[in-house]
Amino acid sequence: MNGWTVAATATLAAGVGAAAWGVATGPLRRRVVAQNLSTSLACPALLLLSEGYDRPSYVDLALLLALLGPVGTLVFARLLAEDLAADPPRAWGLTYAVAGFGGVVVIAVCVAAGPGRALVKLLVVGALLIGGNLTASRALSGGFAGSRRG
Amino acid sequence: MDDPLIVVALVLVAVSATAAVAVRDPARQALVLAVLGTVLAVLFTVLQAPDVALSQLAVGSALTPLLIMLSVRKVRRPQRKKEADR
Amino acid sequence: MHHLLPVLVAVPLLGATLLVAAGRHLSRAVAETTGCFVAAGTAGLAIALLLNSSPPMTDWVGGWTPRGGEGVGIVLVGDGPGLGMAALASLLTVAALAYSWRYFDEPPRRHAGSFPALMLLFQGGMCGFAIAGDLFDAFVFFELMSVVAYALTGHRVEEPKAVQGALSFGVLNSLGAYAMLTGIALLYARTGELAMTKIGQGLDRHGGPDALTLAAFALVLTGLLVKAAAVPFHFWLPDAHAVAPTPVCMLLSGVMVELGAYGVWRVYRTVFSGPGGIPASDLERALVVLGVLTAAVGAVMCWYQRHVKRLLAYSTVAHMGLFLIGIGSLGAEADDGVALYILGHAGVKAALFACTGVLLDRYGSVDEHALHGRARELRAVAVLYVVGALSLAGLPPFGTGLGKAVLEEAVGGPLTVLFVAVSAVTAGAVLRVAARVFFGLGSRPGDESSYETTGIGEEPETRHRLSRAPGTMTAVPAVLLVGALAVGAVPGFATAVGHAVSGAAAPSPHWTLAGVLLGLTSTLLALALAALAVTHPKPLGESSWTVPLRRLQSGHIGDYVAWLLVGTTLLAALAAPGILGG
Amino acid sequence: MTRRTRLFVAALGGTGLAVLLVAACFCLPRFGGAQHPYGDRVVRASLARHTANTIASVNFDQRAFDTLGEMSILFASVLGTVVLLRQTRDEHRAAPEPEQVAVPVRRFALLVLPVAVVTGLYVIAHGQLSPGGGFQGGVVLATALHLLYLGVDYRALERIRPVGFYEIADALAASAYLVLGLAGLVAGTAFLANFLPYGTFNTLSSGGTVPLLNAAIGMEVACAVVVLLARFLDQAVEIEKGGEK
Amino acid sequence: MSVFPYLVAVWVFLVGCYGLVTSRNLIHAVGCLAVCQSSTYVLLLAVGYRDGATAPVFSDLKPGSRPVVDPVVQALALTDVVVGATVTAVLLALVLQISKLHGTVDPDELSELRG
């Protein structure tokens, strides 16, 4: 174990654990937010793990999750639009906190990686992670007008 | 095995799998399955299987939820229509 | 020659992909002809390989031949039983494709090639499973044939029963496959190998069997026995076979289910038969108990069906029980008997399904009561039906009769009674159907039963109801019955099968006086039962003691899964004593 | 069976199975043990063939026959879905309605789409070097296209997705895998033999036939998933019950 | 402690089976089947793990510098993931047709195939 993996363990236990609890219980508006946050928390955890294991190639995992996580949330935002329109989620504080955490992790990992091609990839991951998280949250709280079909 | 990381990942998998079964509404189950997919991917990373983790991410985070949600939508629609006709 | 083993899988798969690629621009006739030719070519290859299979071939795919006894690749085994099953599967695929020639419902728009392509994929999956010498590879091809079979079973998507039966089939078989994979993972953990013979050696090196061996055995066999429809894993079979399109039924009942039993045989022989595996007495107890249960339940349920395809499906269940007993008795003679029986049964059962398909497309019903006396004009089909029923009973010199006789001799003892009874009851039920439907014998039974599935109101599979059956639809069952006859009657064929299955050293299977007499006995019993049922419907009709048994077949996926769990436990419990006792 | 009997039967079987499996777990080798004979051989064989990602070497070289089966399963299930979800006689197609999507969401989808396509291609191309490969990249590619459905609307997706084209490409990619296998039989020694030069370790062209098979799988998976999702989208969005329109 | 991962796999399998038995919605049942299958991934990868080892991917690792985990189980699990996704798709397609033709996806209300 090193500092990176300890941080990853803490993120997983506290963050993803809470998200798993949130997605399993409560009203729908809470569940969709928890699903979104689960990917935006797992992604920094994967970055930390890549650094902790000293395997730069593991960054691909974080890249894919940062890319596809929000897509998954968009699926729910799109296909549950009618249910969500009646009871839209309001968890912007939490969303920004998680986005901030993601940003901190990305910066920390970037600093550790130093300049080079790896840095570009990390920055792309960071941009996708934060942008995706915020956009997905936006989509959840009324991103789709909720037409009957389409 | 003294790696708490593995234990945490395993516990998360066990918890989300249980939740995926316990949540009975298919749309909500799809949400839990999406989380289960992510958690499984984390577990696979921890078990040093990045290839499997990648395919689990690819399948579990967007593809399976999309398939299930499209099915839910199709199954619900006739019921909706009936309600609207009433 | 051994390099051609993987080609046995590659050719049908390539045919399927090309059919799909060109499917938009092909007319239906071209697509189906291509399908037939590819299937026939594969069958020819399988037979050519089979004729060269002594001594058995092995091929390491990709040229990964092991150095110093340690391989990393996948091994394919081309021995008599494996190539024999591949050849049988291929020949039946050809028969099914020929039967569906110009017959099937209009294909999906712009997908003329989809049905023959699925059949070719099915063929490829079955061939791959039959020649797999690697346990995980066997799992992959097992899944391939399963997935194709789900889609083919649900092919008639406008039939409520078809999609429901296909879903039960899919869920149960997938769960069984996952159990099998869990078992494979356990075996890999213990031995660090995946090639079947290597796993067996690894188990032996580890010492005597323990809980892990037992669990792996129970789990792997669960997957295979779900496919083989052993009680209590059998519930999906009647639901699926009763609703699948007729050409698909011919393949499902004729060879896919038998491949499950073949898998049990193969896996036990290569993996668990050593000192580190499951003792022979335990396997015998497990398979004979399950086999007897399967045979009894299948025969009883078969007798009480009025939906003709369901009736045939249950008769498959009953015969699977007999095959499992044969495999469980672990002897060269029993193996020969099972092989001959499977060959004969495949021809007979496929022919009976094919004839039932004619009924379905002519009258839009497969209900024994509703069709009473209506099929008098189908004389050729009537003859085929009766001949099929008689050979199902084991009438000499059909292959079924020879297989049954050899098997009875090998098993011996009180189980002989079961063999005679099961073949008599199932054949009697088919004869009863023939007597009522084709000859209008007896009084028309009333519709007193409300619980069971009837065969009324089935959609014909052709575009319009047939006014007369096309030549292929009667020619195919006739050819299949001739094949079943040839298995038992052509001199030297049985000897060849015996050599292919258990080597040239073992005594070759042949007709004996006792076998002929037992075959005649069960045929006469079947005739008597059918006559009694037609003339006096009451005493052999609905009886209250079967009601609980019939309620178990509820069509509910949850029930079936619960029984699957019980079955795995039962399997482990039956195999446990020898292991616990050391 | 009633729900209670069903639960009872399941409890009976489940308990037995649980006891069996837990007992088996305690007989398994210790978690994290060092005994992996097959694995060690595989790593050596992979390095001997200049394939940096051992898993790619297993999938596309040493156990390429499994991948053939896996690909056929995917191909078969797509074909099966096409057949199962075909439009039946009593159904008609209704034109999908345009969707109102919030501007930031729409912008995000259109921005991420090219990034996702590039990532998918990258994951496929580096399959024999770093984690990833045809399957993972193919799914990403297919998912990327569906951002158009999620972020814009169904009609935008339909414009860039001629399903027939993807079906043919799917079948051709699958046959390419088979043809490469047969080429091994003709040119080399055995079916699916790695008959090309192995190249320089850790470069894009290393591994002989591995990158080719990998690319075939990538194309097959991408097209297969597009067709699969197209069937489901058709059902969920377009196909409705009722007579001909 | 050295069996905990295996026990998690067993738990996930049994929980999935429980879900299948008690499910009141076929889409949910298909989801439960996916849960059952995820137990096989966990078991396979747990079997292949080696203490202190890393992935046998040598693009950023000098061969032989660190112990590596078993790649075979990873290849098997990869195949398994694909199989799982495709089986889910085919079964969902069947559920869609059931819902169209029967008007319900509750297995308790499907009673066409009996006896």
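A, B, C, D and E are the chain letters, set down in written order, and residue numbers restart from 1 in every chain.
Basically, a contact is a pair of C-beta atoms (placed from the backbone, for glycine too) under 8 Å apart; a residue touches a chain by one contact, two chains touch by 3 or more.
Predicted, not measured: the structure shown is a model, and the values here were computed from it.
Contacts with chain B and chain E are shared by A, D. The chains in contact with chain B as well as with chain C are D, E. When you average the Cα atoms of each chain and compare centres, the chain farthest from chain E turns out to be C.
Among the other chains, the CA centroid farthest from that of chain B is the one of C. Here D-E and A-B were compared by C-beta pairs in contact; the pair with more is D-E.
Taking the mean of each chain's C-alpha atoms as its centre, the chain lying closest to the overall protein C-alpha centroid is E. The distance from the centre of chain A to the centre of chain C, each centre being the mean of the chain's C-alpha atoms, comes to 50 Å. Chain C and chain E have Cα centroids separated by 27 Å. If each chain is reduced to the centroid of its CA atoms, chain A and chain D end up 24 Å from each other. Chain B and chain D have Cα centroids separated by 17 Å. Along chain E, residues 2, 4-5, 13, 17-18, 21-23, 30, 39, 46-49, 51, 54-55, 57, 59-60, 68-69, 72-74, 76, 78-79, 82-83, 86-87, 89-90, 92-97, 100, 108 each make contact with two or more other chains.
Listed for chain C are residues 136, 140, 143, 147, 150-151, 154, 157-158, 163, 182, 186, 188-189, 194, 551, 554, 556, 558, 561-562, 565, each touching two or more other chains. The set of chain A residues that touch two or more partner chains comprises 53, 55, 57-58, 60-61, 64, 68, 71, 75. Interfaces, counted as pairs of touching chains, are A-B, A-D, A-E, B-D, B-E, C-D, C-E, D-E.
Contact residues of chain E toward chain A in the complex are 54-55, 57, 59-61. Residues 1-2, 4-5, 8, 11-12, 15-16, 18-19, 23-25, 27-28, 30-32, 34-35, 38-39, 41-42, 45-46, 48-49, 51, 53-55, 57, 68-69, 73-74, 77-78, 81-82, 84-85, 88-89, 92, 95-96, 99-100, 103, 105 of chain E are the ones touching chain B in the complex. Residues of chain D touching chain A in their complex: 94, 96-102, 104-105, 108-109, 112, 115-116, 119, 123, 130-132, 136, 140, 143, 146-147, 149-151, 153-154, 237. In the complex of the two chains, the chain B residues touching chain A come out as 3-5, 8-9, 11-12, 15-16, 19, 22-23, 27-28, 30-32, 34-35, 38-39, 41-42, 45-46, 48, 50, 53-54, 57-58, 61-62, 65-66, 69-70, 72-73. Residues 9, 13, 17, 20-23, 26, 29-30, 33, 36-37, 39-40, 43-44, 47, 72-73, 76, 79-80, 83, 86-87, 90-91, 93-95, 97-98, 101-102, 107-108, 110-115 of chain E touch chain C in their complex.
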